[in-house]
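First chain A sits with chain B, and in the next complex the same chain sits with chain C.
After this line comes the complex of A and B, so read on.
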């Protein structure tokens, strides 16, 4: 592995961050030193064999923050063709290069800025929440992230404040051969409302890069929080991501993970329902082709009583792609009156593609309603014939059917402006405009 | 005499190696409506599917000419883009795809030189909906998903009106309709038909033909057309059933009429 303890120390020094941050980084680094690259013998990585994928951590160097980077703060991009935003954070490689927040939201006490800056400017609140949800001790990638995070987003919504238009972060990979470690910390206080949208993109790069990000969401009592991630990396990016959400009493918490890009993508999505009466929706959507390998792990952690969680992950696969979904419903001893649902559906469009689906249940309370279902199916030839009798060519008929398959998820997105972005991204992928590493060229 | 729209010559079709159609001849000229009647399993839907080039329906002999062109080797979508249309006996559900979106995609595929944007198309669709008295609710739903039998048949006729084909094949578009719906749907079919178009109407019932008056009625039994006549033939069939063909065809009592294909 090319990342070193010196990287951690230099990064911390360059960011001029408080001592406690460096200490947390170094604690995580100890775990890095004791960890190895996960392999098939570890249950959580059973279907993702890095040897077969020819992946190692050797070729990447840390994308270092640039001393010269200046953050622009012009208030001009909040209204875009694709709809209005309450605020933006744009990160390029290691640095946040642009941030802005509507003055109206700022006046109500909403905070939006790079996490680098927030650990200094809002030290107290960041310190209270940072790494309370994402823990370095799960595996090597989690530990690496907690050691090397930079850039990132800090978003704070005070008690009772309702943010009616989405706030967006964009992460761009502009440089090949690097590792980026964006971290988002989203704190939504009691009774507040927020939809947060995070997008991941890369320009065509000459060699492989790794993106190892995390999102922590802390949803206060009675808050309404929506989180949407759209991952559209190019074919040279290895994507690792954790999304750790915590919900207090009576919170309504929704997540949607849309994964289209990357040579490889491993995403772990966890909602911990800590308070009573949480209402949780977890959605996922993926389309894999051209040798892509996607690996999803979801966790519905029922800790508080009378919480409801409803999970639906749907994916389509083409060519020689491979996807893995494994989902854990965990019901803790005090979680009486739990309602938990989990569904994973896969549409396999080629004989060479393979989808695995693995539900897991761990139920420590008897008063529980719980169901899970998984399916792996093929394109229905009757539907194709029907569409073709209306003059539609086969490839377009297939696209219509895949879009229809996704509609069950996309149709649940409440904000028109986000739904449109997602539909466009899906259309882009379905019409063959995503490029694998080979097609991106060297 | 104008050139016929559709000519079927000695058409033999096998499905899964089983001969179903055993020599069909039929000629449909512009403005003509032909009805095909026949017992269950006699091969009516097989004919409809074979005309649209459904995979698995193997033409072992004979050919199909559409506007003088042999379409036997064309794919289903190519036939549709040339102006052939099939209203299904059992229309297929396409979950998650709205009728509006589906129909605009289909319209633009068929009318490549005159594509319509979403708003223009919605206006065009509205005209057809008004013509056929179809409400908004149906076109915003997913194609045939959760539709009642009658709604499906109405949606098929709406599709026909929107795509504006020259040769339409209607496979039991009247089956499963209540009396009012039958009237609505058949009146819709009549509105769409004109002197430039040909229509092949498969039905079990004379009552449809009260609205959609056929110029010719053909009786299909055991994969062959055993008799052709005017619209009075439909009345005769309704009165006497298909048993009258037993002696004519030399089929003994107790043996099913439809099994003659084997």
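After this line comes the complex of A and C, so read on.
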């Protein structure tokens, strides 16, 4: 591995962080030193074999902070064209190069800025929440993230404030051979409302890069929080991401993970329902082709009583791609009155694709309603035939069917402006415009 | 209302406890054992076993090699069950009761008494084909009805088979479950004793279920039986294995290996009702291979034991082969039932169905752990897995750990699971019809496992229902 303890110390010094941040980084680094690259003998990684994928941490160097300070034209155009946003954070490699927040929201006390800046400017609240949800001790990648995070987003919505238009972070990889570690810390206070959108892209790069990000969401009592991640990296990027959400009493918390890009993508999405009466929706959508390997882990953690969680992950696979879904519903002993559902559906479009599915339950309370289902199937020839009799060519008929398959998930997105971005991104991928070698960006 | 219901369950009432103590499997007979060798397993113990059984050289070598595998293998790293209570060095690996007898009347009285309580002679008289009764490590009694011999079926204990049908045994032995398959299969391969051997000739249907009863009756004694069933093309056989054990204070280990070969167009069904006493570690490896258009069915009931880890497997090797696993698990106080199924689709047009029902109560933990794998090239394979769990009180636990590995585009695979408790509405409805709460509870639970019980031979299904009824006593208050 090319990352070192010196990287951690230099990074912290360059960012002029308070001492406690460096201490947290170094604690995580100790775990890095004790960890090995996960392998198939570890249940949580059994279908992702880094030897077979020819992956190692050797070729990456840390994207140094404060190297890039300007937003590119492409990024600027995208920001302008994407539609209305309550605010933006744009990160290039290790640095946030652009941040803006509508004056209206700022006036109501909403805070949006790079996490680098927030650890200094809003030290108290960041210190209170940072790494309370994302823990470095899960595995090597979590520990690496907690040691080397930079750039990132801090978003704070005060009590009772309703943010009606989405706030967005964009992460760009502009340079090959690097590792970036964006961290988002989202704190939504009691009764507040927010939809937060993260988008991951890369420009064409000549060699492999690694993106190892995390999102922490702390949803206060009776808050409404929506989180959407759209990952469209090019085929040179190895993507690791954790999304750790915590919901207090009567919170409504929704997440949607759309994964289209990357040579490899491993995403771990966890919602801890800590308070009573949490309503949680977890959605996922993925389309893998051209040798892509996607690995999803979800965790519906029912800690408080009378919570409801509903999970639906749908994916399509083409060419020699491979996808792994494993999901856990855990109902703790005191989580009486739990309703928990979990569904994973896979549509296999090629003879060389592989889909693994592991929907798991651990139920430690009897007052529950719990079910899960998983399926793997192919396209229905009769549906294709029907469309073809209507004069639609086969490739287009197949696209229509895949689109229909995804609609069940996309249709649940409540914000039109986000739904449109997602539909465009899916269309882009379905029409074969994503390039595995990464010669084209988003 | 829900919380009101729970408290009385926490303490089992005296009545039920007495019933359980006196129930028909909870006794313990004094038995005079012909010999009692040292505890623990070693190459010298293996030589002792082999010498005593007068085994051919290949079997002796097989045992020694298996012991090396056993010593090298780690304990299963993935196990969620607590296996720390197994002390391999404190177990007798071979015990030979009095020699084999030809008639029931010649059986030692204590043993006959045991069987009488199990109702064997009546069953034998009425409709059981043959009884291969294993008392501890070796078959003490074995009868095969003349009609079986007439149609050419071989049904004997495994020790006899090694002596009398060496070529047949050697051809298939260890081919489905090689000794290095897992730690416990390796242990069984090293120290196996007893079990059944069945060979059904081509085109022959055995209309009556073949049965064997197993008991563990020596404290700290392992039971390592080995069963091999071969169904020649177009044949059909149903084998029934039932276990019960007297209650002992220290832990026992039961680790069987069952291998089944189902050739083209043949069908085999293997039914187990496991009711070991609550100190037994029941770690069993069962696997069958189904060839072209063959059907393999595992029906598996796990009621007793401290820990059961058992995942009957079917390898669907021939085109059009079918595999089915129906299982029911009950985990009461201190019990962990980690049961499941493993299906590998290795040929086109293969089909599999898994139905798993589990019940946990009084702090018990019941789970399903299973794998469905569709190999690349196994075109048009279909698989459906359904797991339902009932949790009867707030201290009990249910786990579901299924895994689907799909490498074939044309596959159709479905997995569904539900976990629930007995609904208040269900109970209320039955009570409104004049059925008291306990009976209503029992009815619901029996209804829940009905898809399995209806597949059992009559006396087993009656017995299973009776056991469930007994367990349900005092579950509502």
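Please note the rule applied: the second predicted complex is superposed on the first by the 422 of 442 C-alpha atoms of A that agree within 3 Å, B and C clash if a C-alpha of one lies under 4 Å from a C-alpha of the other, contacts with A are read in each partner's own complex, and residues count from 1 in each chain.
The criterion applied here is as follows: contacts are C-beta pairs under 8 Å (C-beta built on N, C-alpha and C of every residue); 3 or more make two chains touch, one makes a residue touch a chain.
Fair warning: this is a prediction, and the values are worked out from it, not measured in the lab.
Novice: Looking at A:287, would you say it contacts chain B, chain C, both, or neither? Reply first, second, both or neither.
Specialist: In the superposition, A:287 contacts neither chain B nor chain C.
Novice: For A:41, decide between first (touching chain B), second (touching chain C), both and neither.
Specialist: A:41: touches chain C, not chain B.
Novice: For A:200 in the superposed arrangement: first (chain B), second (chain C), both or neither?
Specialist: Neither: A:200 stays clear of chain B and chain C.
Novice: Scan A:408 for contacts with chain B and chain C and give back first, second, both or neither.
Specialist: first
Novice: Is A:149 touching anything from chain B or chain C once the two structures are fitted on A? First, second, both or neither.
Specialist: A:149 contacts neither chain B nor chain C.
Novice: Between chain B and chain C, point out the one touching more chain A residues.
Specialist: It is C that touches the greater number of chain A residues.
Novice: Figure out whether A:88 sits in contact with chain B (first) or chain C (second), or with both, or with neither.
Specialist: After superposition on chain A, A:88 lies in contact with neither partner.
Novice: Please work out whether A:349 is in contact with chain B alone, chain C alone, both, or neither, and reply first, second, both or neither.
Specialist: Only chain C is touched by A:349; chain B is not.
Novice: Please work out whether A:396 is in contact with chain B alone, chain C alone, both, or neither, and reply first, second, both or neither.
Specialist: first
Novice: Touching A:361, do we find chain B (first), chain C (second), both, or neither?
Specialist: A:361 sits against chain C, while chain B stays out of touch.
Novice: Starting from the residues of chain A touching chain B, keep only those that also touch chain C in the other complex, and list them.
Specialist: none
Novice: Looking at the complex, which residues from chain B come into contact with chain A?
Specialist: Touching chain A from chain B are residues 52, 54-55, 75-77, 80-81, 85-86, 88, 91-97, 101-103, 105-106, 109-110, 142, 159, 163.
Novice: Provide the residue numbers of chain A that touch chain B in the complex, in ascending order.
Specialist: Interface residues on chain A, with respect to chain B: 381-383, 385-394, 396-397, 400-401, 403-408, 411.
Novice: Show which residues of chain C lie in contact with chain A when the two form their complex.
Specialist: Against chain A, the touching part of chain C is residues 2, 77-78, 374, 376, 389, 391-421.
Novice: Which residues of chain A touch chain C once you look at their complex with the stated criterion?
Specialist: Residue positions touching the partner: 41, 43, 47, 333, 336, 346, 348-378.
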